[in-house]
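The first chain written gets the first letter, and so on, giving A, B, C and D; residue counts start at 1 in each chain.
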Amino acid sequence: MFEVMLEILIKTVVILALPLGALPIIIHVERRGAAFMQKRLGPNRVGPFGLLQPLADVAKFMFKEEVHPTHVKPFFYTAAPIIALVVAILPLACIPVMAPFQAFGRTIFPEVFRSDMGIFYAFAASALGSYGILLAGWASNNKYSMLGALRACAQMVSYELSLSTSVVAMIFLYGSNDIHVMISAQTGYWFGFLPKWGVFLQPVAALLFLVGIFAESNRLPFDLAEGESELVAGYHLEYSSMKFALFFMAEYIHMIALSALLIILFFGGYSLLPGLELIAEKAPILLAVLQLTSLGIKIALMIWFFVWVRWTLPRFRYDKLMDLGWERLLPLGIANLIVTVLFVYFRNQ
Amino acid sequence: MVADVFLTILTVAFALMVVFSKKTVVSAFALLMTLLSLAMIFFQLGTVFLSAVQVLVNAGAIAILFVFVMMLINLEQFGNNREKSKVKLVISTFTVLVVLGVFALVINNNIDSLSVVNLTDNSMKALFDKLFNSYFLPFEMATVLLLAAIVASVVIATHEKDESIEQMEILKAEEKL
Amino acid sequence: MSIYYYLAAFLFCLGLLGTIFKKDLISMLLCLELMMGGVALLFILFSKSTGFLDAQLMVIFTMIISACEVAVGLSLIIALYRKKQTIYTDDIKIITE
Amino acid sequence: MEFASFIVFFIIACTLSAVLLLISSLLGQKRKIVREMDIYESGVNPVGSATRQYDIKFYLTAILFLLFDVEIVFLLPWALAYQESPNHDFMLAGFIFFMVIMLVGYIFVINSKALKWEE
């Protein structure tokens, strides 16, 4: 009993510490990346190359005055950032960081809880993401906040549909909803050089999922919820100091969790990157570390892609955004699903 | 056992909040929390798929719908009053007693013979097989029901565009003048 | 686990009472959802105690039906509100215009 | 076991966020300036209330999301059951029926212009 509890605790702490520890680095990379793309310098005063800037930011968030406006609904106003962060963290619980391994006489699964319904759980948890935003907008009792929250919510639910169709297509292809089975189906090579990733099987589904996670995490080009020119800051307009920081953290953790799901479904999850097998063959003891590194590199590239897109594409207009979701991506997803099913059916004939 | 009692208390508290809260928006959020704690109970009972579906459909979509409607209708003008009518009180007491009586009868007669069967992960596959064999026709009929709901809700919610709310308000304002 | 049987009965009865006593339509729909939740819980408990999987399938159908019911019900409320500017049951005793 | 892991994870996540908020409310500076507590509306005096009526399109989006989401969620068990099923023809026929019904609904929604934001 004690051993089981210890195992759960260790897993929980590790799975929480990895993204939370990476958070300041990601934010720093985003700011430096933005500066790089705009030919600016970016934060470079605090510490060497500005590396200590994230720490300074955290300290600033903690010591800032907490403005608690009088017109808000106090309980929900305080609860909203907590709900947003907790809901963003929840999907991380079923994302495996490496293959199951043998230790202490039993198999240890490197995710917080092991269930073959893991992927359903992750999507259910990320479907709740809109509540923190909706609650913040409503509790703030401000027109900008309310409108931003409604927009964000409508946008998130619209893109969730096309995202779900691509997940159905992938589950159908793999024939299983167990994350480990999905990943082991993606290890190996076609023709000796092309990794067996899902993205090569289902490029359309991968595209839908990619667009979907941009909309779900409210990032540019879909950050209508906080379009500065019209809504000032959107749903977190009335928030300050740590409360604002929690929303900020929730957005980035949501990004990490959704990227991890994308990588599990389409880029082989923790399966080794091409080239790393050579090291793994020489030293099998390093396999777990190499898997963790592979997953980390994939997520880092994904995050860099987020930053890259942010400074490349302009923001959509709201009606165009909804039209794209409902009239382009949803039929595309359905058509993709039908074609996939028919293809599999006739191939087996 | 502790988890059972804790989850029950949680659910009961939120359910009471749904009925007795003064503000309808608070009721809606309490309903959301009730549905989520029900999902946790499903999870604890081992039906992870149903728990995920409960979160996706009931908590993820239905509760959002309620909140949206509350944003659409200006609820500040409506209090959340409960009616005080003696006829209703008598009828409802009678109904609740009948429901509880039937329930107690069923539970008391069968609870000893109800053996707890452990549903393992394999049962999920059996569940899906059953859904697409014995329950195939009801499943397809359910999609027809959904189609009917889609058509009905779009038609009902969008008809009579001339009488939109804003124009009604303009008319009211003119009447006052 | 048996405590959940009482929870299911409680949720159903509370929802029923709420549906009878509430005056506005939205709260009545909220209480209907409570009843649906109680029913779903009871189905899962029966499936768990008897081993029949059919009861779990009933939960799926319950959810589909509650989704349809909420969608159409809320549309009706919206239509009513646009027409009469009210959501109270007392104000809509006359249905025809 | 699964449930215990989930509960531990959930409680730790909640505690973490609550502690973060608590730290800042303990360390943060405290002042009381009346103007600062007012509604932010680009610096001018607030006009009207935030609980006004919003566009019905938001509501229609949510309702259609609910109904289509139910359909897509129940495709997931189908996708899992297909490989196991002995009779693939039967499953495919069911899928096609399902999709036809769903597409009829979808085409109706698009034709009714319920989701067009620009008139």
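The rule is short, and it goes like this: a contact is a pair of C-beta atoms (placed from the backbone, for glycine too) under 8 Å apart; a residue touches a chain by one contact, two chains touch by 3 or more.
All figures in this text were calculated on a predicted structure; none of them were measured in a lab.
Chain centroids computed from C-alpha atoms place D closest to the centre of all protein C-alpha atoms shown.
Note on interfaces C-D and A-D: more C-beta pairs are in contact across A-D.
In terms of their C-alpha centroids, the spacing between subunit A and subunit C amounts to 34 Å.
For this pair, subunit C with subunit D, the centres built from the Cα atoms lie 21 Å apart.
Each chain gets a centre from the mean of its Cα atoms; for subunit A and subunit D, those two points are 15 Å apart. Look at where the CA atoms of subunit B average out and do the same for subunit C: the two points lie 5 Å apart.
Each of residues 115, 120, 146, 150, 153, 157 in subunit A touches at least two other chains. The set of subunit D residues that touch two or more partner chains comprises 2, 6, 51-52, 54, 56, 58-59, 62-63, 65-70, 73-74, 80, 102, 109. Residue positions of subunit B touching 2 or more other chains: 48-49, 53, 56-57, 60-62, 64-65, 68-69, 71-73, 75, 127, 131, 142, 146, 149-150, 153-154, 157, 165. By the definition of touch given earlier, these chain pairs are in contact: A-B, A-D, B-C, B-D, C-D. The touching residues of subunit D, counted against subunit A in their complex, run 1-2, 4-6, 8-10, 12-14, 16-18, 20-21, 23-25, 27-31, 36-42, 48, 50-52, 54, 57-58, 61-62, 65, 68-69, 72-73, 75-76, 79-80, 82-83, 88, 92, 95, 99, 102-103, 106, 109-110, 115-118. By the touch rule above, subunit A contacts subunit B in their complex via residues 76, 115-117, 120-121, 123-125, 127-128, 130-131, 134-135, 138, 146, 150, 153, 157.
Within the complex, the subunit C residues that touch subunit D are 60, 63-64, 67-68, 70-71, 74-75, 78. The touching residues of subunit D, when paired with subunit C in their complex, are 56, 59, 63, 66-67, 70, 74. On subunit B, the positions that touch subunit C within their shared complex are 4-5, 8, 11-12, 15-16, 18-19, 24, 27-28, 31, 34-35, 38, 41-42, 45-47, 50, 53-54, 57-58, 61-62, 65-66, 69-70, 72-73, 75, 78, 80-83, 88, 91-92, 95-96, 99-100, 103, 107, 111, 114-117, 119, 123, 126-127, 130-131, 134-135, 138, 142, 145-146, 148-150, 152-154, 156-157, 159-160, 163-165, 168.
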